[in-house]
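What follows is a structure written as structure tokens; I'll ask about it next.
Letters A, B, C, D, E and F name the chains as they come in the text, with residue numbers starting at 1 for each one.
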């Protein structure tokens, strides 16, 4: 589960894809209870029927949680999360959709302020079963240099 | 629970603070099971004892989920989430911390591409019980103009 | 989330309605596990097929929990729950029903034994998506007088 | 798990006591998420420290759910719940308390409107580990007559 | 809930059957999150469509957990679990199946190494709604002798 | 997450160890609700204080579920579970224990009845933070031969 990768070990354009996960009504209910966000967009089917989106739609925070969670398969002990940029949700996630994530190393450069570290940018795209992007973000990592 | 607010109704500097929530071991366990992220940083107390942070630390996706969830108290039917920028986690959240969120309207301007909409930026800061910022982001909303 | 309302501030006939919530199979399973009540009426579809009600029916304790939970949108710091009377479940709640609650101030009078308090009775009705009452009760509050 | 008991089989004063259950922080968190009631009385330890009750207190709906759930050990196929009366919560339930329920048959009489049924009243008392009553109610059952 | 039964009280061939429980998508999701096993066989509907089994199948650990859990209706304070043998899953459990368990006392003999105890073997079979065996095991109990 | 391994690829004595997981009170409560086993050994702290084991002890089905779940890190598409033998729980698991699993290939041989398959036996040992074995079993796999 653990693999040491220094800044120099990240290759631009390197890609990994995760296994998939069907998003269930259970996930919707668990996420409402976990986040405390009971907006009817997510939990009131009758309300949604009267709206353009017609059906309950996933919380953005859930798509982010599960989309990023799917990528958590390997620990790099010399890297840690600095933050996220450009988090977008281009299409809704509905109950029954199956999503998976694709991670592309899109940038890697020394950190001007931290001489022992570099910044790695992983572009994370979350796809549904039709190949449509339902989430997108840049995950910024601080990664130790090898020497 | 619903209040219509058009672009023109947002005031720069306007602030609202949420009620608080104690982050429990239960939240950690629920979040691991919900996200599928079972990294030992979050669920292995013995592992954490050997690390600089000493104790289990919250998943970033959980701090985001609950920090944003706390703000979900009022629906604006003419606004929707466009995305998030500059999501950062300056300090860890530990089991037993109590967090709350503060939302500040930090920008509001017409959207150059969408004539009927403007963009509103809400700066969200999540604080722990010591007044320290544990999460920070810009929440970008698309909001209808009033006419 | 907080609004101070003294006994004198409650108006007879005053009504508020909550947003709605679709009751899911997840809620049934969570409630069985939370309450420890695994009676087949709630969790055994084959058993229910042989009974007049034909389908799994919600625990009364769940309809009460969610029906009352929906009303928890505003804290009155000078009021607290004294108890409940006449709790009834006139119709069953099935998986997929969408419920909401209506609260009517049906009585408000000084408390003969507690000179600083009055009793407020809120009649709570829980409706399904067909406008049928699935739960009914009187919620008795003790509320401070304004002087 | 099933035992047929007609109206005539209920003995006034008949008592049964349930096994016990320790109420955990997990139950508090699960109940907040299940009910949607995130009032700080139940989930914000810092808020509670500033109040007379000092610690997080259980939702009344949870004490009812678990207190009644503990009694669900035997199905009587010729009885069903008519409703509840006089539901009271004389003392708070805190995290770590261990509760159990005691059920006493306190009334049993023919139902004037339903010639084939009688009403049985079960007084339910829920006790904490110190023998203090934390919940009290009358559970009204409709029970078939034996002939 | 408690009944004392010594080794001599177990009758070969004695049978008890439990009530039933419908296995829901919720159980699948809860079990993935509880066990940490997110293999696509259990949670990825699209993956399963491409396999001979066509639909998500229950974790073996879940069928064991619920199949054994259904039998936990009566405590024998003079018996405890020694272990399990021959645990098999002859058919998959799908979402929507309703299972129940049948326990048969298939062996009972003194324990050669523990003079005060005997071993009781309970054969546990878990059936689906079509009467097919989906799980099978031998549950070995150590039970006190009566004298 | 996927690696094809035929019968011939398994080496006797081959070992892998999993990451760890702290078993929380939450896991106890979730497991009671998931399994339906509310025996006081697992959920009633006051009951346990009066017994030799003094504290709540984990359900055997939970130790099995999590102990096996920890090993679910890599899918072998040409192997599947045949069953489990000699499942034992030599020591109890308490709230706060941290467990991990060790898997040793202890046998691998052709299956006399299935010419295209062999049987692989993985001995699974689950250890607590003191290095004590809390669970033990043989996991029998059916694995395709390479030709």
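Going forward, a contact is a pair of C-beta atoms (placed from the backbone, for glycine too) under 8 Å apart; a residue touches a chain by one contact, two chains touch by 3 or more.
The structure displayed is predicted, hence computed values, not measured ones.
Undergrad: From subunit D, count the fewest steps through touching chains until subunit F is reached.
TA: Between subunit D and subunit F, the shortest chain-hopping route counts 1.
Undergrad: Based on CA centres, what chain would you say lies at the far end from subunit C?
TA: F
Undergrad: Quick one: point me to the chain whose Cα centre is farthest from that of subunit A.
TA: Ranked by distance of C-alpha centres from subunit A, the top chain is D.
Undergrad: Could you label the subunit A-subunit B interface same or different, taking same to mean over half of its residue numbers are used by both chains?
TA: same
Undergrad: When I count C-beta pairs in contact, which pair ends up with more: C-D or A-E?
TA: Of the two interfaces, C-D and A-E, more C-beta pairs touch across C-D.
Undergrad: Between subunit D and subunit E, two copies of one chain sequence, what rotation angle (nearest 5 degrees) aligns their Cα atoms?
TA: 180
Undergrad: Hey, how far is the Cα centre of subunit B from the one of subunit D, in Å?
TA: The computed centroid separation for subunit B versus subunit D comes out at 38 Å.
Undergrad: Roughly how many whole angstrom separate the Cα centroids of subunit A and subunit D?
TA: 43
Undergrad: When the centre of a chain is set as the mean of its C-alpha atoms, what distance in Å lies between subunit E and subunit F?
TA: Here the centre of subunit F sits 16 Å away from the centre of subunit E.
Undergrad: For subunit E, which residues are shared contacts with two or more other chains?
TA: In subunit E, the residues touching two or more other chains are 19, 21, 25-27, 30, 34, 36, 38, 40.
Undergrad: Within their complex, state which residues of subunit C touch subunit A.
TA: Residues in contact with subunit A: 19-22, 24-27, 30, 96, 98, 129.
Undergrad: Please give the residue numbers of subunit C that touch subunit F in the complex, ascending.
TA: 30, 32-34, 36, 38
Undergrad: How about subunit D: which of its residues touch subunit C in the complex?
TA: Touching subunit C from subunit D are residues 21, 27, 30-31, 34-40, 59-62, 64-66, 68-70, 72, 75, 81-89.
Undergrad: In the complex, go through subunit D and note every residue touching subunit E.
TA: 1, 18-19, 73
Undergrad: Within the complex, which stretch of subunit C touches subunit E?
TA: 25-26, 28-30, 38, 40, 43-47, 56
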